[in-house]
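In the two assemblies presented below, chain A is common to both, partnered first by chain B and then by chain C.
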Partner chain A sequence: MSGSALAIRRARRLPPMPPAIVVIAWLAIAVLLLFALVPDWLAPHSPIALDILHRLQPPGLAHPFGTDEAGRDIFSRVIYGTRYSLGLAIVIVFSAALFGVAYGAISGMAGRRLDNLMMRVVDVFFGFPVLVLALAVAAALGRGLSSVALALGVIWWPGFARLVRGEVQRIRERPHVEAARALGVRGVALMRRHIIPFVVQEVNVRVTTDIGYALVAITALSFLGLGAQSPTPEWGLLIRDSRSYFGDAWWYLVFPGLMVMLTTAAFSITGDWLARDRHLGRGG
Partner chain B sequence: MLGLLARRGAWSLLILFVVATLTFFLSRVVPADPAAFLAGQNASPEAVARIRAEYGLDRPLLSQYVAYMGGLLHGDFGRSIRTNRPVAEDLRAFLPATLELLIFSFALYLLASWFLAILAVRWRGGWVDGTIRVFTMLGSGIPVFWLGMALQFVFFYRLGWLPIGGRFPIRAIPPPPVTGFLLIDTLLGGNLHAFGQALAALLLPAAAIVINLLAVGTRMSRAALITEYARPYVRTARGKGAGPGRILYRHVLRNAIAPVLAATSIQFGYMISWVILVEVIFDWPGIGLYAYQSFEVFDYAPVVALAIVSTLVFLVISLGLDLLYPWLDPRMREATS
Partner chain C sequence: MLAVRDLRVTFPRTGGDFAAVDGVGFDVAPGEFFVVIGESGSGKSMTGSAIMGLTPPSARVAGSIRLHGRELAGLPDVAMRPIRGREIGLVHQDPLSAMNPARPVGAQIAEALHIHRLADRQEAARRAVALLARVHVPDASRVAQAYPHEISGGMRQRAMIAMALACQPGLLIADEPTTALDVTIKAQVLALLAELRQEMGLAVLLITHDMGVVAELADRILVMYAGRVAEIGSAESVLRAPRHPYTRALMQSAAISELPFKQLLPAIAGTPPGHATRPSGCAFHPRCPRAEADCAVVVPPLQPLPAGALACHHPLARAAVPA
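On to the complex of A and B.
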C-alpha cells in the first residue's frame, strides 16, 4: 500500500508528460526532418524518373500514393519535396526571426523618436494584404524558389519586430535590468545577458507556429507558378500540376495536400504546447 | 472624428505611395525583357528598340518613375502587353467580378461566424460548442487553394451539383450590365433563373475563402458574446422579464458586434489574398485571374496594378470599418473626436 503511494508521489515529481497529440506531432516533425535530410534512403523510387506505361495509377502496393501523369511515383515526389517546401519554410522563418529580433530589440531599447520611426516602418507592412505584396515581389524577381524565399522573408520579419519590441519594452522596466544598469552594464551586454533571454521563449513559440504558415505561403506561391519549376517535386507545384488530372485521379491532389496540412498541424500543435509552457517561466 | 479621418487618410496615401514605389522599382529589375518578349522570337534588334521606345522603357529610370507616378495620379496604370489595352480599362472590366466575389464572401463570413458563435454560446461548453470549435479549426488548417480544388472534386466531378468555375455559364446569355454585379443585374432584369446560375457559380469560390477564416471569426465573436453576457445590464434585462431572444438581439449582439468589427479588417486582408488564389482556381474573371494570366507571359503592369488596387480596396474597407465602429457604438464617438 504505502509502497505504491510512494511510487505515485515520485511519479508526480517528474515533469508532466506532454499530451499524446503533442508527442504525435513531434514524431511527425521528426519523420518530416528525415524526409528533408535523407530522402534517398526513404523514397522507394526516383522523384523524376518517367514511366509513361504506368501513368496516373491509383494507390497500390507498388505506388502507395499512386503515380502522376508521367508515371512518376507521387510518394517519392512528396518525400523529396519536403526538402523544398519545409526546408524553405524553416529558412524563411529563421532569417525573418533573426532580422526581426534584432530590429525589434533596437527599437525597444531606442529613444522615443527612433522607436516611433522604426515602428512606423513596421506598421506599413501591416497596411496591405501581404500575399499580394509577396506575389508582386516574387513576380518581379522572376520565377523560382529563391524569389519566393526573398519575397516571403521581406514580408515576414515585421511580425517578429513588433513582438520583440513589445517584449523588450516590458522587460527593460524590470528590477533586474535596473540593477544591471546601476552596475554599469550597457548596450549589447545588457541586451544579451539581461533582456534577450526573457524574449527567447516568446520568439520560439512564434517561430514554431510560423513555420506552418510559411509553408502554406510557399505552396500558395508555387501553386500560382511563381515558385518551384517543373520537375522540382515541391508540394505546391505538385498540387498545381494535378489541376488537369485530379477529376480522374484524386490521389494526385489529395496526398500532396495532406502533407501540407499535416505539417502545418504538427508545427502549430507544438507551438501551442510551447505557448502553454511559456507561462511557467514568466516570473523573471 | 475629422482628425481621425485626416490622420487615417494621410496614412493610407503613404502606404499607397510605398506600394507603388516598391512595385515600380521591382518591376524594373525583371530579368526577362518585356520588349523582347513582345517583339517575338525572331524580331530584329531594331524592332525590339522601337517597342522599347514606344513603351518608354529606354528612358532613364528616374524619369520613368516620375512619369509612372504622375500617370497613377490620373488612374493610368500603363499598357498591358498581353491585351494591348490600357491596364486601367482592363481593370474596369474585371474589377466588378472581383468585388462581387469579395463582398459576397465577406457577407457569408459575417453571417456564418456570428451564426456559429451564437450557437456555440447558447450551448456553451457542450458538444455543440466543441464540435463548432473543432470543425472551424480543421477548416482553417486547410490551404485555400487546395480546399478550392477539393470542393471542385466533390461538387463538380463527383456530385455534379455546382459548376467547376467561371462566373456564368458560357452558353447562357448574361444579363445587360448595369452594376456589373451579376447577382444584382439578374434581379434587375427579373431573371430568376439567371440569378440562380450566378449564385451557383459564387458558392464554391466563396466557400473556399470563408471556411479558412471561420475559426478566427467564430472565436472572436464567441468571446465578445460571452463578455457581453457577463455584464450587469443583461441581468437587469432578465430581471425586467426580457426573453432570451430579446436580450440577444436587442442588447447583447449590438454591443458585441462593434469590438469584433474593429478586428475584422485584418481578416479582410486575408480575404483579399484568398480571392486572388481562388480566382485562379475557379477561372473567375476578376483582376486576380487577369494579373495571373498576364504574369504567365511576363506582362508585369497588370501585376503592379493588382497590388495597388487591392491595397486601395483594403485601405478603403479598413477605414470604413473604423468609421463604422463609432457609429455602431456611441461610447466610441467621444473617444475618437
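On to the complex of A and C.
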C-alpha cells in the first residue's frame, strides 16, 4: 500500500446486476404498491358494485379474474384488497420493527441484570400462540382488521428485539466502538452513530421477509373469520367467501390465493437477495 | 501529571484470579515521552486500558491511577466521559478497525470536538480539516471527506492521531500505533508523535513490543514482564546499561545494536508465560540465563536504583554494556 497522500481510492463500483428473478420480484412489488396506493386508477370496476345478472362469470375480457356470487369484479376486488392485506402487513411489520429495534438496542447495551429481565419479557411474548391471542383480542375488541393488527403487532416485535439485541452485543465489542468510547462518546450518540448503522442491514432483511409472513398471517386470520368483515375486499376474506362456490367457480378461489402466494414469494425473494448481499455494505 | 501506583487488573477464574497487571507503578511527567515495553501478554496494553477505564467488564481494577492528582481508578463510566478524549487521547493499534467504517474520517474527528462541546458542527468540521493538516495529511479537506477504507494505512494512523488530539489532551496513550504499518510509514508516524510532543507539550505514553521503536524517542522506559515491572528508568540508563537480564535480551533481539550484517539476531529462548500458568518466583526465571535457585521461589521485589527501579535477584553489573 502506498503511503502517498493522494491514495484515496475511489473504488465505488456499481453493484452487480441482481439475478432476473429478483428483478421480477421487484417489479411485482412495485405493481403491488401501486395497487395499494392508487387502486381507483387501476381497477376497471368498483370493488363493491353489485351486478346480479353477471354473477359467477368465468374470467373473460370484461372481468379478467371473473366475478363473484354478487357479480362483483374479482380483479377489482383483488386490486382494492392489496391495501388491506399488504398495507396492513407493512404497517404491522414496520411498527414491530420500530419498537423491537429500540427495545433490542436498550437490552443489548444494558447490564446483565436488566438485559436478562428484558429478554424474559420477550420470551413471554414469544411463547404466546398467535391464534389464541387473536381470538382473545377479537373477543375483547370485536372482529376486524384492527384486532388483527393489534394481535399480530404484539406477537411480531419480539423477533426484532432478539435480533437487534444479539447484533448490538456483537458490534459493541468491535474496536471502532471502543475507539469511540475512548473519545468520550457514550449512550445514545454511541448507539446511533457507531452501532445501529451496522444493525440496520440485518433489520432490513428481516423486515422484507417478514412482510410476506405477516401477509399470510393476516389472510389466515381473515380466512378464519377473525379479521376483515364483508364487504371489505381483503384477500383472506375473498378466499373465505369463495369456499361455497369452489366447485362451480374455481377462479373465485384461485386468483386471490395466487395473489397471496405471489406477494409472499416476491418479498421472500427480495429478502433472500438482501441477506446474500448484506456483507457488501460492511466496509473493511 | 499521571501517577500510577500498585495497579492490579485481575480476571476472576476458577482456581484463583489471574492478574494481567500485577502491582505496576510509574509516573509520567508533563511533556514526557514514556515508553512501556514488553512482549505480548505482559499486561502493557491492559495497563493502557485501565488508565482509560476501558477494561473488559469482567476485569477488576485495583490500585491508584491519578491524573493531575485526581483519582481515576474506580470512577464510573459517566464520570470517565469528560476525561476520555478530553484529557487523555488514545491512539489504537489498528486504525482500520478502530475507525467507524460507515462515516467519513473528518466527521469522526469532528465528533470528538462535538461530544465534548468544544465546537458546534460547522466549527468542528472546519477544525477537523485543520487537525488533519496538523498531522501532515496532504490534501486534508479531501481526506476529511473520505471513508477510512479509501485512504492508505499511514494516512489512517495520522487521522487516528488527529482524532485523539482533537480536544487537546495533555496525555496521549498510543497502544502499538505502528504495528499495522510498514517500516517507512512507521518511522514517519513515530517522528510525528515526537514532533507533536515537542510542539504541543504533550505527554506521550507509548506502548510497544519493539525495542527498535523506542531507542531514539523515549525519555523513560518501563519494561514489563508477565504483568510486573521488570525494570524502569531513564532511557539512557535502561538502553545503555540494562540491569535486568530480560531487558538485555529484549535489546539483543532488536536490531538496534550495530551488529554486523548477516549475523543472526538472538531470540529470547522459550515463550512468554501465557494466561494459564505463571512461573513461581520471578516469572522470567525459566527463560533467564542468570537464574539461580532463589529465582524460582522468591518474587524479586522492586528495588530503587539511582535512575529508576529494578526487580531482579541477580542483576547484570552496572557497567555491563552489551554489544
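Methods note: the second predicted complex is superposed on the first by the 258 of 284 C-alpha atoms of A that agree within 3 Å, B and C clash if a C-alpha of one lies under 4 Å from a C-alpha of the other, contacts with A are read in each partner's own complex, and residues count from 1 in each chain.
In this text, contacts are C-beta pairs under 8 Å (C-beta built on N, C-alpha and C of every residue); 3 or more make two chains touch, one makes a residue touch a chain.
Fair warning: this is a prediction, and the values are worked out from it, not measured in the lab.
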Examine A:Arg174 and indicate which partner it touches, taking first as chain B and second as chain C; both and neither are also allowed.
second
Looking at A:Ala182 after the superposition, I want to know if it touches chain B, chain C, both of them or none. Which is it: first, second, both, neither?
second
For A:Arg193 in the superposed arrangement: first (chain B), second (chain C), both or neither?
second
Where does A:Thr82 make contact in the superposed view: on chain B (first), on chain C (second), on both, or on neither?
neither
Scan A:Gln201 for contacts with chain B and chain C and give back first, second, both or neither.
neither
Intersection of chain A interface sets (partners chain B, chain C):
none
For the complex, which residues does chain B have touching chain A?
11-12, 14-15, 18-19, 22-23, 26-27, 29-32, 141-146, 149-150, 152-153, 156-157, 269-270, 272-273, 276-277, 280-281, 292, 295-296, 300, 303-304, 306-307, 310-311, 314-315
Write out the stretch or stretches of chain A touching chain B in their complex.
124, 127-133, 135-137, 139-142, 216, 219-220, 223-226, 239, 242-243, 246-247, 250, 253-254, 257, 260-261, 264-265, 268
What residues on chain C touch chain A, complex-wise?
52, 54, 77-78, 81-86, 89-90, 92, 94, 96-103, 111-112, 115-116, 137-139, 142-143, 146-155, 160, 163-164, 166-167, 182, 184-185, 188
Give every residue of chain A touching chain C within the complex, in rising order.
1-11, 174-176, 178-186, 189, 193-194, 197-198, 282-284
